[in-house]
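Listed below are the structures to be examined.
Below are two complexes that have chain A in common, paired first with chain B and then with chain C.
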Partner chain A sequence: MGRSTPGDRAFTIGNTLLLALFAFLCAYPLWYILILSVNEGTDTSLGGIYWWPRAFTLDNYRVMLSDHTILGAFWITVKRTVIGTFGSLLVTSMVAFALSRRELPGRKLLLFVFLFVMLFSGGLIPYYIQLMNLNLLNSFWVYVFPSLFSIWNMFVMKTSFQSNIPENVVESVKLDGGGYTRIYFNIVLPFSMPLFAALGLFTAVGQWNDWFTGAFFVNDLSLQPLPTYLQRMLSTIEATHMISASQMATANQTQLYNPDAITTKSVRMATIMITILPILFVYPFVQRFFVKGVLIGSVKE
Partner chain B sequence: MKKGWKTNMKATGAVVLALALLAGCSNGNGGSKATSGASASNAGTDAANAQPTHYTLYAPAMTTPINLDGPVTQEVMKRSGLNWDKVEIGNGADLSQQINLKLVAGDFPDAIMLPSDSLVWSRLVDEKKLLPLDDYFNNAKDYPNLAAIDKRIVDYWRAADGHIYMIPSAYEKIIDEPSAWQGNAQGLWVQNTILEKAGMTLDDIKTLEGFEKYLKAVKGLKDSQGRAIIPLSLGGENFAGLQVVMSMFGVRSADNGYNEQADGTVVQDYKLPGFKQAFQWLNHLYLDGLLDPETAFQKKDLFKEKVNNLRFGAMLFDGWDNPNVTTLKNSGLPEAITYKALEAKGFPDGWFAPTYLPVKSGVKPAPYAYFNPFGSNGTGISANVKDPDRMMKGIDWMQTDEAFILMEYGTEEMGAYKMENGAAVENSEVFRGPKFWGGDNGGMASVTEYGFWWWKNFASVGASHIKTMEPPWPAYNAMLYKAEEINHEQGTFALIPTESRIKPVIGGKVEKYSPVQSDIRLQYYAKMLLAKSDKDFENAYNQFLNEMKVRGHDEETAAEFNEQYKAYSQTPAGQIKVDVKRSLPRNVYSDQPAIIGE
Partner chain C sequence: MHRFMLIKQKGYLPLYAFLVPGIVLVVLFNYIPMLGLQIAFRDYNFSDGIWRSPWIGLQNFKEFAASSDFWRATGNTFLLTFLRLLFVFPTTLIVALLINEVRAFRFKRLVQSLSYLPHFISWIVVVGFLDAFLSLDGGGANSLLHLFGVDPIAFMGSEAWFRPIFILSSMWKEVGWGTILYLAAISGINPALYEAAVMDGAGRFSQMRYVTLPSIVPIISVVLILTVPSLLSVGIDQIYAMINPANIGVAEVIDTYVLRLGIGQAQYSQTTAIGLVMSLISTLLLLLSNRLSKWAGGDGLW
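And then the complex of A and B:
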């Protein structure tokens, strides 16, 4: 370890400053949303809030969390995220593994079919009819089954398996008498953990944020996930404001919560925080997989 | 050994997961039952009806669920004799999309509630999903309250085939005697402090020249924080106040901007000379630094920030986002202060008041504040409903004053009102308390839980003729009312015109190209408003006309609309005349409660 040169130090300082600036640019919008979510809505509408809340309140959160059905919605979201993510990784990676093997009969045709349906979708109504015929409407499993197989993720996995799993490792398992199941579980899965972590995270975030499925395919409120619940609450708050405006015709002040605290914008900010915080906590747990090499200790040529 | 164990665990985990997923297959409808806390065992039955009814209702425009066991809901069901087994609400997304899926699924409900201007009505009629209801509106013996609905309202809602398929709600009970407050606060609003600083009065700005003189006097003034006052704003995003400006030049620009001509045809607003003159005027204001240039592209949040910081000298806008509540608060005055009390005390600095619109000389201002007595929502009944007469009997009862008061205030035992001399007297403490509109769990949560307010959307009369003891309005709301009074006086208030009542043909040119035309408008409005010179303005204006022709297919849309307009004008709906004999005033300017609705 020699002493660093002035050039090295200048680079380190410049690099640090640049990355710090970049980190700030990423983090500040989130901070801005957070402070607006804990500031009184009417005060926010005066502008000039950049670093700290000026009129602190938790009423925006209270409005969104006051309904007892939120706990059920939260639980539904957790369940669909966990089952949907692991299920999707398992099914998609199995298909990807099969399609990564050149000896698979009809492989090219299958790949073409998958590519085609990835590029051209049937549209909402045919999809709805399909779900209806599968008896998936108004069922928890509508969150899981349709997303079990992701063609995009399959192509990523297939490419990764083909380029990162050495053929001689596969051959050596075959020589030892192992079949494809053993290759998949003993070689492909352990070797692809960083890939699974990355795709799993994207899948989990997609599952967590998806409000559309709950809104259009599930009308039982007790089966709706958190984002659908929050979206519905936002519409309701907007409706409440409109009613407050019309109620003003009856001349009394509508003492709805703290009327100064609640505006559509401030509630929207609180909603964003409620939605992103839980999934944000998942990142540190999967981050370690991202930095690991793909083929640590696999084979020595 | 250890590795093998791990592998086995992974394999076992995968199999368990797969089995769990498979198990889901056999439980496809797991946990799914009726929505919205619906209970199939509603106890409420009308004494007159031994057999409870079992209907389903779909309200795709509502996002507030309803607990069918709620006390007010139960009472509404009991008195109407309509038992609802299931009420399904919407998801806040596009209505057509939601209903298309509903139609595909084939589980059409017994009744459907929709906004009265929804295009979906035509679709449901075309697909023969709805029951024609004409006979019920003509049978005064069995359905006296439905038959009592003004025939002009019934005509208004007739479908293209001449039948009526919906029961309107929140319509004016006596159409020629509507409420004096219809929510139209659009117009010119001026800040008192700035007017005073400019050394002018409201009378000085009644002409276009006087108004420009005022704007020029405002230019260069600073507020208490040293920021330059912006002389004029056009309101929030997407040129919100443009229809007020257009009115000053005699052009109607609402709803695709069709204007009726002397020969009975309609033309688009931009084909009229006033349209170009209005934009030229705005462009000159911009070039002279008299108009907020951000009006061309700002979001509403930014506009509200500027409004609440009193940055504007005048606003041509919808009136609703004026800063008077904030001004009262900043001045240490109670928000609920009445107009009378505030007038006696003196209006605070920064107070915005509506005033008469300056109009180009020789021009009659075009209406922009419309009055719609025909109802805001409607309920359609399924063509396959069991026992439609019974359903309509219940809906007939819902048109009564008794039903309205129940749906507004709950039962008298709940304490939110009491009847005194034939008028409902509100008990604010209860009505603004936790079981109605207030408290920690208030607002819509209480609507869901208890069931007041919600059912008015299903079927009810408007509030105008319900005798109620009304507390005085707060001063900031009185200003909104005043704006509507001014609109009456200056001729910018009118019955919703025929041009606005026509619904586009599904799949027609108007439906197809209206979104394109709206985009072109927004794009070129900004270009015309921000043009750097008269020459640039001419270029932008000519490009706008060309774009509307080429990309917006405006000749085709105008031809189609004219055809519809002509046909509609010959229907009973197209010939409706409303002659407002008197309007029912509200308790706006006094400082004591007063009975309204008579």
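And then the complex of A and C:
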């Protein structure tokens, strides 16, 4: 390669500039939210803030955190993410393991039972009615049960088990008198940890970010997760109500904040930061998993 | 009985036990709702349930087919999915090709890290940003316009700006992420091809044009084929967060229409009729996409 012509150098420079701009555009919105969340609300509404906070304050966070609803919402979100992710990995991988055993009698029929739900769906309303009949509406478990089994992840896992679990190891466990339960726990699970990490990551992000379930299947505000709380805040009328009613009152009494510093918008920015902070925090550590995850997933996605 | 003994003797029972939770879940959350589709042909009421509500034949279908709101939502759905494909797909490909040309390793890593990040941010947050940045009271965009003497624009409450905002935010969220597949395919290209191209005097741009691009045509076609099933779903998260009375004319899609009418106004039967038609079309699109993918030499979806 070595030689570089002027044309090549121009290409390199142009390319670098273009990609630097692209990377900047990817990151800027998050930076913008951050600076607005630490800027006085009334100052923000004067406009002209692009790079740095102009009137620094932490009052937005104080007001936000003085609301019990949001702490509850945070806790609900953590709970559903942890239970939902581990539960889903367990249930889904058990099904995938059973279906990955070619010697299982009736496997073809069982495979079809699962394949069919990927092909055809009852749609939103019958699903909603079923949740109603199961008494899952307005219950914490509506976040967990319906997502315990993931058809896509099941097929990804099944393919991976079939090609990555060495058959001679399985045979030797059987010769030792071990059954399928032992094969699953002693071989399949340890062998598949990188795969589980990748799929678990996507499941966890999906759980963390899901506002839909909370918004349409749960009316009880104390059961709604953080993204749903945020979604309600986005509709301005409700936001004013939410903030003025609960937070402003308590915070005002205790002289916690400077009333000029707060607008619904600035508190909203602080709430967004709380929602994405956990994702930003784990992001650098999990990157190596998700690139792998996409590649396994792409086989069957 | 004989068969059961054989299954027990071979030790298959645990395997069936492993399947039980999964089967229970698909029956509860997938198969029973499929039975619920029959209310498309009934006048559903809660006390009679899905089996005994009065049968009214095709009336629900006739009603939604006569509703102009439904056809507007259908038109918007197709237009938005088409626009999204038109802009997101080529941009993703170009960005992947450009990233691949970066020789400085650290810079490449940085660009990739930052560009994958938006995929993990929920739509609610994205729209929260848009709301702040495009707002009339001090949003960055209008402050900038003000510097150039342009009057403030109500971006989020405008029909004209809805589609550009929809497309740009889709690009923000998915372009970087989409490059992963292409970059993986590119890394599998035989280096000898590039060496041969250099021998023939090809510069960086010609190598990209005549070696990299043709080599990833198979993966490009797979990506295109896999978008076929999503032609009917715009992404309810994104639209629902952006929709408001001012832009509903161009923003309403089938999914939000069903949501608004079905859960919002409890018109269960009519929206289930819409859902049934959409489900059937989705199934056809999936089958078509699977057939195309196998025909193009890919793995197929199953």
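Note that the second predicted complex is superposed on the first by the 176 of 301 C-alpha atoms of A that agree within 3 Å, B and C clash if a C-alpha of one lies under 4 Å from a C-alpha of the other, contacts with A are read in each partner's own complex, and residues count from 1 in each chain.
Note that a residue touches a chain if its C-beta (ideal position, glycine included) is under 8 Å from a C-beta of that chain, and two chains touch if they have at least 3 such contacts.
Remember, predicted model here, so these are calculated numbers, not experimental data.
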| item | value |
| --- | --- |
| First (chain B), second (chain C), both or neither touched by A:L230 | second |
| Touched partner set for A:T5, first chain B, second chain C, both or neither | second |
| First, second, both or neither for A:M157, with chain B first and chain C second | neither |
| Which of chain B and chain C A:A270 touches, first, second, both or neither | neither |
| Which superposed partner A:S45 touches (first chain B, second chain C, both, neither) | both |
| Contacts of A:L148 with chain B and chain C, given as first, second, both or neither | both |
| First (chain B), second (chain C), both or neither touched by A:F216 | both |
| Greater residue coverage of chain A in the superposed arrangement, chain B or chain C | C |
| Contacts of A:I125 with chain B and chain C, given as first, second, both or neither | both |
| Touched partner set for A:A204, first chain B, second chain C, both or neither | neither |
| Chain A positions touched by chain B in one structure and by chain C in the second | 45-47, 124-125, 128-129, 134, 145, 148, 181, 216, 231, 234, 265 |
| Chain B - residues contacting chain A, complex | 7, 10-11, 14, 17-18, 20-21, 24-25, 27-37, 62-65, 88, 91-93, 97-98, 100-101, 104-105, 181, 183, 301, 304-305, 308-309, 320, 325-326, 335-336, 426, 428, 431-432, 437-445, 453, 468, 470-474, 477, 586-587 |
| Chain B contact footprint on chain A (complex, rising order) | 42, 45-47, 62, 66-67, 83, 86-87, 90, 124-125, 128-129, 132, 134-141, 144-145, 148, 181, 185-186, 189, 215-216, 218-223, 228, 231-232, 234-237, 239-240, 243, 245-257, 265 |
| Residues of chain C that touch chain A when the two form their complex | 7, 10-12, 14-16, 18-19, 21-23, 25-26, 28-37, 39, 44, 50, 95, 98-99, 101-104, 107, 110-111, 113-118, 120-122, 124-129, 131-133, 135, 137-140, 142-144, 146, 172, 176-177, 180-181, 184, 198, 203-205, 226, 236-237, 240-241, 255, 258-259, 262-263, 268, 271-272, 275-276, 278-279, 282-283, 286-287, 299, 301-302 |
| Complex contact set, residues of chain A against chain C | 1, 5, 7-8, 11-12, 15-16, 18-20, 22-23, 25-27, 29-30, 32-33, 36, 44-50, 91-92, 94-95, 97-99, 101, 103-105, 110, 113-115, 117-130, 134, 145-146, 148-149, 151, 154-155, 179-181, 184, 205, 208-212, 216, 227, 230-231, 234, 265, 268-269, 272, 275-276, 279, 283-284, 287, 290-291, 294-295, 298-301 |
